[in-house]
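Chain nomenclature is as follows: A, B, C and D, assigned in order of appearance, with residue numbering initiated at 1 for each chain independently.
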Amino acid sequence: MSVHPEVIRLLIFLVGIIAFAALNAAYLVWLERKEAGHIQRRIGPKEVGPFGLLQPLADGIKLMTKQLIVPAGVDPVLFRIAPILVMIPAIMGFVTIPFSETLVARNLDIGLLAVFAFASVNVLGLLMGAWGSRNKYAVISAARVVSQNVAYEIPMLVTVVSLVMVSHTMNLTKIVGQQLGGFWHWNIFNFAASPLMPVAFLIFFVCMLAETNRAPFDMAEAESELIAGAFTEYPGMGFGVFFMAEYANIVIGCSMATILFLGGWDCPFGLYPGVHWFLLKMYFLIFTVIWIRWTYPRTTFYGLLNLSWKILIPISFVNLLLTSAMLKVF
Amino acid sequence: MSAFAQTQLKETFVINLGPQHPATHGVLRVKLVMDGEYIVEAEPVLGYIHRMHEKMGENRTWAQFMPNTGRMDYLHALAYNHGYVTVVERAAGIEVPERAEYIRVITAELNRISSHLLWFGAFVLDLGGFTPLLYAFDDREQILDLLESVTGSRLTYSYFRFGGVYNDIDENFVPGALAFIKRLRERLPMYHALVTKNVILRTRLEDIGFITPEMCRKYGATGPVARGSGINFDVRKHEPYSVYPEFNFDIPVYPKGDSMARYMVRMDEIEQSMRIVEQAIAKLPDGPVMAPKAPKILKPAKGDYYHAVETARGSFGIRVVSDGTNTPYRLKLRSPTFSNLSLFGEACQGMLLPDALALMGSLDLVIPEIDR
Amino acid sequence: MIGYLKEIFSGTWSLFVGLGITIKYFFKPVVTVQYPREVLPMTPRFRGHIELTRDPETGGDKCIVCGMCQKACPSNCITVVGDKVEGAKKKALSRYILDFTKCSLCGLCVESCPADAITFSKDYNLAGPSREAYIFDLKKRLEERKG
Amino acid sequence: MNASAIKQAMAALPAQAVAENDHAKRGNHLDVTVAPDQVVAAVTILDGNGFFIEAITGVDWLGEKAARKKEAAAKAAAAAKAAAEAAKAAGQEPPPPPPAAPAEPEGSQVDDLEVIYDFNHYETLCRVTVRTRVPRDNPAVPTISEVYAGANWHERETHDFFGINFVGHPYLVPLLLPEDADFHPLLKDYKP
């Protein structure tokens, strides 16, 4: 019996993606703690391993050895299934992300759509977990998360639509392919398509923060208001999986920003393009995400909706109109 | 109306904020009746760290009660020490040397700055920003180091005595205090750029959490809460005690009454306290720090005496009833946050949960002082 | 409309200013002390638990067993026991019990001592497995310090 | 708003004592003692004049009447003794002993609980203390929480500590003490 080589390739990629997602989740926690520490003029983790590099391992072991309590009165099915439902779409998103010209698990023609579709499932898992855990704080958090995601999906997708209009494709590899050859070709500086492109990048970035529930939009967790929001009742690794999914989502969001706006694996000076440039850009964006978290206070829920409906959505529509007008004219 | 119809009127639920909650700074519990995320009714439930200081006072000598005062408001302990020693000095007719009063004012004002700095950090932490807390701690640490070198303790100083202070300041204190003021003057613009001007913080605080002057009056709110509602009331100016009349300082008053006004009052007070410390250090007289005739065993004359001081949170009053023996007959401790918190239930009605928490943070609660 | 745009611009600007501040501190050296590995010296006036001072002449304690500290203590955590010594006028200290579980480190005892027999120790790293570990006999501690 | 103006306003209330105090010595300007049923009227006057409430508290005067009686008796005895000695010294017959019991108007022999209301003014320096006394066996004072909303908590606290019943209080449950507390720790005869 022979196995199709494509299947083997896909399997290898899947394992690689899961490892990548898990490693990222673990080491982004380390990065976050280190970065927060230095921003606050302290060291951060330092005891476990050199520079605290083994800290994620220790944390993981700690989380895994904890008892998985299912509190009385919860909906056991929803409660158990929710972390998985949050984690799987996060991993699925990686399938079609091109890290370089060849390093892509499955180059879908509708890759862009697939990533955003998977990203939206994430909120469903949060909602189920929050509702299932029979906690008032969690329910408040779930209500917030859902309307937050609805509100931020719109400006995000509208900006992406304007990009698709410029690129004429939803294939991520092709979108990057059009931006190759130096930073002046990148979409963020594509003033010929729309003079508002840097603003569009900002909008995308802000929406990405909101979609991944990162500070200052961490309405779901909001520890000073809702204790831990949707995760309040989750013990041990149940919480750990939510945590990993959050970081996996950040990686996806930053990858998408890199692909759509920053030319993916392209070198800014047109030399040696490759996966290293992709990772460099992506990790810089992640660094920024963490940097933002440790700088700002949290917005309120209505402040967040105001921002979306009153500022981001109008501007993204202006950008869309401008792009279509420019495309028509030139 | 039938019982069934009544329950259908509004679908509310009760949420217990605390006693263990990240935003209640200690063990305060607030019973909230919520309609969605809107607060219909809020009832603070107190007493989780009630220690009955007033009864303790009746069981100890006048001097032995001294350490208790610093343990009520552990963030501005010296003001509480100050209030207590002043009222006992008033009752017993003890004259305090001028140098001692100056030292009291200097240390109490430094302590006020440290209290406001901690409040600043904790308040921004309530709003979800973690980093300013650590920056504020960095500055506060300098004050604690200074006070530790003088008083020997970092939080519960018990530094003042009837008739003076425990021991004189050391030679490093004055240069240290001046260096700290210079440092904080450089840091304050950073705080304002990082936090005060931040658009997220402004949208969270401006026009939210109104407290009207009438409400302040009915509930007896004092301190930054009253001053944030446009009431120019500060015991240091209103009913001057110690050597405060010697100094030239302003009382920051913001008339708007929202959370931002209270925030700005405290931030401005840091600057005013630094001015007081500078002037006091410049004028610091020589002389003894302890009244030579201060009696070892106090027996104040019969009667009752009242004295109030301005702490970082408002007017702290002590009513002392003496029966002429060496223990107080009755000690009433009027803590400012008790009154300030009592208006929370009315002020937060109809607010959203995060705004109510911002309002609660802007009241600057220190729970041991409320519960006493 | 202009006001709206202006608000957006100034708001966004304030956000970038904040980012600028935090990144500036990111590259500054840390200010924390890595506590168990580095230890700061205590100030001379630091008020730890109390300790008997040594009499430089006799090498023993200076306590005259007057009981002033016992009376001054607000929490009743000091018990002074003295024995009559044959031939001597004064009582000699036999046990000085400090119940540190009740002590609030106020320092009234040190202040009340007429013989300067007690002082504050600089010991703040106190940890123990049981409540009884904090009922100190200061006399014994003084003798142990000798060695 | 100065102390004498308040004093005049207070004079309209029946049966009360108003004392102006030396602020530097006592810490307040005006001490108003009223009957329990006049508390609300007195507080309403203060409210109308823009005072804010500082605190409400109590004092337990357990043993005060006995001490006073003893003191009066001692005084009378001393006076009688002095008179007798003076008479003896003058070589006269000792005068007849005075009537045995002091002719004090006998009120209730139950000691009092004093309720103290502290008021202060935001604009002018004027501290007013309102006092009232109620017997220990039936301590009941009308509530002022209708006038000052902030009195609600202060009265609850005073109820906790002294067991004083504030008649008409909307929610007189323990505030600082545990919710099932049935003891009043600041009473002088309280034994834990």
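We take it that a contact is a pair of C-beta atoms (placed from the backbone, for glycine too) under 8 Å apart; a residue touches a chain by one contact, two chains touch by 3 or more.
Predicted model, so just to flag it, every value in this text is computed and none were measured.
Engineer: Starting at chain C, find the fewest moves between touching chains needed to arrive at chain D.
Structural biologist: The fewest touching-chain steps linking chain C to chain D number 2.
Engineer: If we look at chain A and chain B, which chains touch each of them?
Structural biologist: Chains that touch both chain A and chain B, as defined above, are C.
Engineer: Based on CA centres, what chain would you say lies at the far end from chain C?
Structural biologist: The most distant chain relative to chain C turns out to be A.
Engineer: Determine which two chains are connected by the greatest number of contacting C-beta pairs.
Structural biologist: B-D
Engineer: Measure off the straight-line distance from the CA centroid of chain B to the CA centroid of chain C, and report it in whole Å.
Structural biologist: 25
Engineer: Roughly how many whole angstrom separate the Cα centroids of chain A and chain C?
Structural biologist: For chain A versus chain C, the centre distance works out to 50 Å.
Engineer: Centroid of chain B to centroid of chain D, CA atoms only: how many Å?
Structural biologist: Centre-to-centre distance between chain B and chain D: 30 Å.
Engineer: Distance between chain A and chain D based on Cα centroids, please, to the nearest Å.
Structural biologist: 69
Engineer: Of all residues in chain B, which are in touch with two or more distinct other chains?
Structural biologist: 131, 135, 138, 194, 198, 200, in rising order.
Engineer: Spell out, as numbers or ranges, the residues of chain C touching 2 or more other chains.
Structural biologist: If we look for residues of chain C contacting two or more partner chains, we find 15, 18, 21-22, 25, 31.
Engineer: Applying that definition of touch, give me each pair of chains that meets it.
Structural biologist: Per the contact definition above, the touching pairs are A-B, A-C, B-C, B-D.
Engineer: Flag every residue of chain C that touches chain A in the complex, lowest number first.
Structural biologist: Residues 8, 15, 18-19, 21-23, 25-32, 34.
Engineer: Going by the contact rule set out above, which residues of chain A touch chain B in the complex?
Structural biologist: 36, 39-42, 136-137, 140, 143-144, 215-216, 218, 222-225, 227, 294-303, 306
Engineer: In their shared complex, at which residues does chain A touch chain C?
Structural biologist: Touch list, chain A to chain C: 35, 37-43, 46, 291-292, 294-296, 311.
Engineer: Once bound in the complex, which stretches of chain B touch chain A?
Structural biologist: 13, 15, 21-23, 36-37, 124-131, 134-135, 138, 194-195, 198, 200-201, 203-204, 352-355, 357
Engineer: List the residues on chain B that touch chain C in their complex, please.
Structural biologist: Residues of chain B touching chain C: 60, 63-68, 71, 131, 135, 138, 145, 148-153, 156, 158, 166-167, 170, 190, 193-194, 197-200.
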